[in-house]
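Listed next: structures, encoded as structure tokens.
You will see two complexes here that share chain A, one where it goes with chain B and one where it goes with chain C.
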Partner chain A sequence: MILHPTVIANLLASLTVSGMILYSAYYGLQIVRHWDLSSGSELQLTLERRTYLISTILSYVFGLELLSLFLYVFTADSLCPLFVGAMCAAGTLNVNGFGYPALLLKMFDFFLAGLWLILNHADNQAWDYPLIRKKYLLLVVIAPFIVGEMVLQCAYFLKMKANVITSCCGSLFSSERVEGLGSEIAALSPQTMLWMFYVSVAVTIVAGIHFYLRQRGGYLFSALAIITFFVSIVAIISVISLYIYELPTHHCPFCVLQKEYHYVGYLLYLALFGALVSGGGVSALIPFRTIESLRTVIPALVRKLALASVVLYSLFTATVTYRIAVSHLIM
Partner chain B sequence: MREWIEKQKYIIDFTLSSLLRRKAKNIGLLALYTLIVFILASVMFFTHAIKKEASLILDQSPEMIVQKLVAGRQDLVPLRFVETVRGIRGVQAVRGRLWGYYFDPRFGANYTLLVPPPTAQTGAAGNGSRRVMVEGEPDRNAEGSAGPLFDLGADEIGVGSVVIGSGVARVREAGTGELMLFRAYDGEILPFRIKKILPSSSQLVSSDLILIDEADFKRLFGIADGLVTDLAVTVRNPTELSTIASKITRRLPDARPIIRDEILRTYDSIFNWRGGMMIVILSSAVLAFVIFAWDKASGLSAGERREIGILKAIGWESSDIILMKFWDGAVVSLTAFLSGVILAYGHVFFTDSVVFEPALKGWSTLYPRFKLIPFVSAEQVTTLFFLTVVPYSVATIVPAWRAATIDPDSAMRYTGE
Partner chain C sequence: MSNRSRREFLRRLTAAAALAPILIADLQAAPERPVITKKDRCPVCGMFVYKYPKWVAEIVLADGSYYFYDGVKDMFKHYFDVPKFTRGKSADQIREIYVTDYYEVELIDARSAFYVIGSDVLGPMGHELLPFKDRESAQEFLQDHHGQTIVRFGEVTRKLVYSLDRRS
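So, the complex of A and B:
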């Protein structure tokens, strides 16, 4: 293990988040089993009060997940001088087998926590808590993932040994090496990928505006928003990064977070994650629009979510387009 | 959205006035909180700045050093090593260095003795390696790299005289032209005239330095001709360093090549470890603080209970009270965090971290006096945030919720007023 202050902060954060989520999942299970709004029993009253606590905790968890996602990449980045061959986060995460799985699980947990908060928000607007069992069931589903993330992250940091030779971002995402998903993505033709990216963003935005105005095609929009997220990530690795670094061989998705590129990565990833959560939230809410007490709440909420997703995707695309336009790289 | 912002504004307003109403209680908490942030921030700023300092200095050192090992201990290097290493393709220049330490029992200080390379011998070595040069650290001034702070060839020192660093001059209260006595390996006392004192701007590297002529150095320590302390190797292409290092060990099995990056990595690890160790030790203090905060937050005074009871009775919801408690925590945390960070900044960069210096830096009689370069990164601040604000907020969630869900009637009845 490397006793670095930032590593300690990471471990502390993931232990705290897991503790909080286990605590709320325990009460979540009680709510799923014993919730009965018509009853006036003491248990029911206690459970009703607990819901306030759990939604507060989950808001914290969501915030912490987002912050710790960046802190994690940050840490990986700052540890790279300790490893021969690692030049940025890409190399450090590859030091052992737990680095990348932990990162992916972190992103997934962030998405789940975001969905939960959206459900919770809708549920709180109605007088009879119509979604209460569903949302607490979701909470019970989320808990193992967050605990798993904690375990992976601890394993990653505890098994870390300085000086292990790792592949740096140059070889991991370089198009010369043929194995591994990273290099498969990098090997995609930049032009094709750029077209795919713009087409998928355009289709998503059109579907979003259509849904916003007509309130039809919500599932389609939501699916498109999720697909566009993945297309965008692939596009960042295969082509957008090339323009930002102005280097036709550098495909790293982490270096954009560094000072040399004016921290543009934070803007890009925040917009992208925000668009994913709000776009995914649309399809999480649509099935419940027929519930009596949510009949007025959900249509307004999903429209807002769709708008947020469209705005964030536009922001992302505008930033990317700007970076491509001012880039000195000509392909 | 506007409505939402207005609501938050009113709640913050209410929270602030409620905090000010209970000054004594909150000032105690705030002071402790600030102290915790201050201590952790000082540790982090200091280790980071000193790491930066070390890497700036090492930037100037040779890319590779070759030593000779005998029975696992470092030994003097015979000059035939120079030819062997120079024969490896990719090696640009090889230079034998003569240097060592001399312990002065009168002052209890260790000097570093160095022989500057003769001007004529290493003409082929290329620029920079002919003379001893300490360059100004590039980050320190806006112009980029500064000129050499001192620049001396061996010929300028001459047999029988030395050039000393400002730390040596300080300890011995010696001035130019005075004599310095050294005790040679065989017990003979050798006098050297101080020719020059190095400028103090290069202190970090030259504080304990004494530059001496080659013949004097060999006489002082009894080193035979044809031997040097180690070899400094310059390599044309830095990516070939590890290949060249492995070639050296193959051709000279008793040699030990050390690459500059390895030294940097080791320094990094050591200072990370020291900083991390301090934080682990201090974590008990953080834990104590968190328990204190938990206790403060759950032990509501009669007045606070009544206040919450009245708020709920006039129509505030539980979620509003939780929101109020959230802003309460945010105000306290931000104030403590920002003032702690600012105080730590002053402590580390303006008062030379009087509190932690001995623990983190190590000590020596001739330790250079230097100012650290103020450097704070977003990463440090985020780490600090995670180490202090997050535990505090988590500790206060449950008490805040407990306070928010009291029944108004029991809250007001409890006070017994």
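So, the complex of A and C:
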């Protein structure tokens, strides 16, 4: 293990989040099984009081979970000078077999945590706890993933050894390597990928504006927002990175997080993940719009979410387009 | 100051004044060496080269463009595939190649250097070819750091360079 302040912060955050979520999931399970608003039993009164505590805890804990994705990547990036061969987070995450699985699980948990916060926000707007069973059922589903993430993250940081020669992102995301998803993405045709990216973003933004104005096609917009997220990630590796680095062979999705590139990666990924969660949140809420106490809440909330997703995708695309426009890369 | 030493002082001053224009002209005639800035990146791996001054290698092309590398290994990767890493350029444009002598930490001509491979000294990109200006220092390094062999510039092959990436 490497005793670096950021490593300790990561471990503390991950232990706090999983501890709190296990505690909440325990009561969540009780709520799922025994909740009965019409009953005046002692158990029901206890659960009603406790749901306020749990909902408050989870708002903070899931907020921490969202932040911790960026903390994790920041940590990997700041530890890279300690490992021979690493020049950014890509190399540091490769020092043992747990770095990348932990990152992927963190990204998945980020999405789930965002959805839970959206459901919770909608539920808190109504007087009769209309989504209480659903949101605690979701919590029970999320809990194992959060614990899994904690285990992977602990394994990654505790098994970190400074004498490992890791691979630089130049070879992990090289179009010439035969194996590895990063290399397969890097080998895609940059021009085709750039077109796919712009078409995908344009269609999503149009669908989002249509939904915002007419309140129709919510599921379609939501699906498009999720698809565009993956297309954008592939586009970052395949082509956007080339323009940012101004090197025809450098496909790394992590170097953009560095000071030398003005930390533009944080802006790109914040916009992208924000757009994913708000876009995905639309289809998570639409099924509940017929519930009486949410009849006015949900339409307003999903419109706001769609607008947020559209704005964030526009911000992402504008930043990318600006970087492409000022790039000196000769393709 | 005695008369004699004053005369001596004046004589030296005159000599220096006479030499000065020659020296200045000489300085102006010397080609300008490219200086590493904080923006220079290795065209092969993308690393910022200023962070690794002891490992710098450099290629200067006939059109005046130049590239810095964070190790000899990446310099050779570029040398073997110039158009791949720098579109529109070719290997026959290469005019000068420099590497940093591991002991002296100064740029030396890469074509006349001696390279030690297989040693326990790692560069920023892992296993490296460590350059030395003469065979004696390369031999000394090889013995001190468990090196495997000494190779010359012309003996370095693409296969050898890429095999350094695969060592653990």
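The definition used in the following text is that the second predicted complex is superposed on the first by the 331 of 331 C-alpha atoms of A that agree within 3 Å, B and C clash if a C-alpha of one lies under 4 Å from a C-alpha of the other, contacts with A are read in each partner's own complex, and residues count from 1 in each chain.
Heads up, the rule we're going with is that contacts are C-beta pairs under 8 Å (C-beta built on N, C-alpha and C of every residue); 3 or more make two chains touch, one makes a residue touch a chain.
As the structure is a prediction and not an experimental result, all values here were calculated from the model.
With the C-alpha superposition on chain A as described, chain C and chain B clash in the combined arrangement. With both structures placed on the common chain, the touch criterion links A:247 to chain C but leaves chain B unconnected. With both structures placed on the common chain, the touch criterion links A:9 to chain B but leaves chain C unconnected. Note on chain A: of its two partners chain C and chain B, the one contacting more of its residues is B.
When the two complexes are overlaid on their common chain A, residue A:331 makes contact with chain C while staying clear of chain B.
Contacts of A:255 after superposition on the shared chain: chain C is touched, whereas chain B is not.
Once the two complexes are overlaid on the shared chain, A:40 sits clear of chain B and of chain C alike. With the complexes overlaid on chain A C-alpha atoms, the stretch of chain B that clashes with chain C is 254-262, out of 254-262, 272-280, 362-370 or 398-406. Under the contact criterion defined above, the residues of chain A that touch both chain B in one complex and chain C in the other are 84. On chain B, the positions that touch chain A within their shared complex are 43-44, 47, 242, 261, 264-265, 268-269, 272-273, 275-277, 279-280, 283, 318-319, 322, 326, 379-380, 382-383, 385-387, 390-391, 393-394, 397-398, 400-401, 404-405. Residue ranges on chain C touching chain A, taken from their complex, read 38-39, 41, 43-48, 84-88, 122-127, 165, 167-168. By the touch criterion stated above, chain A contacts chain B in their complex at residues 2-10, 12-13, 16, 20, 49, 52-53, 56-57, 60, 64, 67-68, 70-71, 74-75, 78, 81-82, 84, 124, 162-163. Within the complex, the chain A residues that touch chain C are 84-85, 87, 165, 167-171, 245, 247-250, 252, 255, 260, 330-331.
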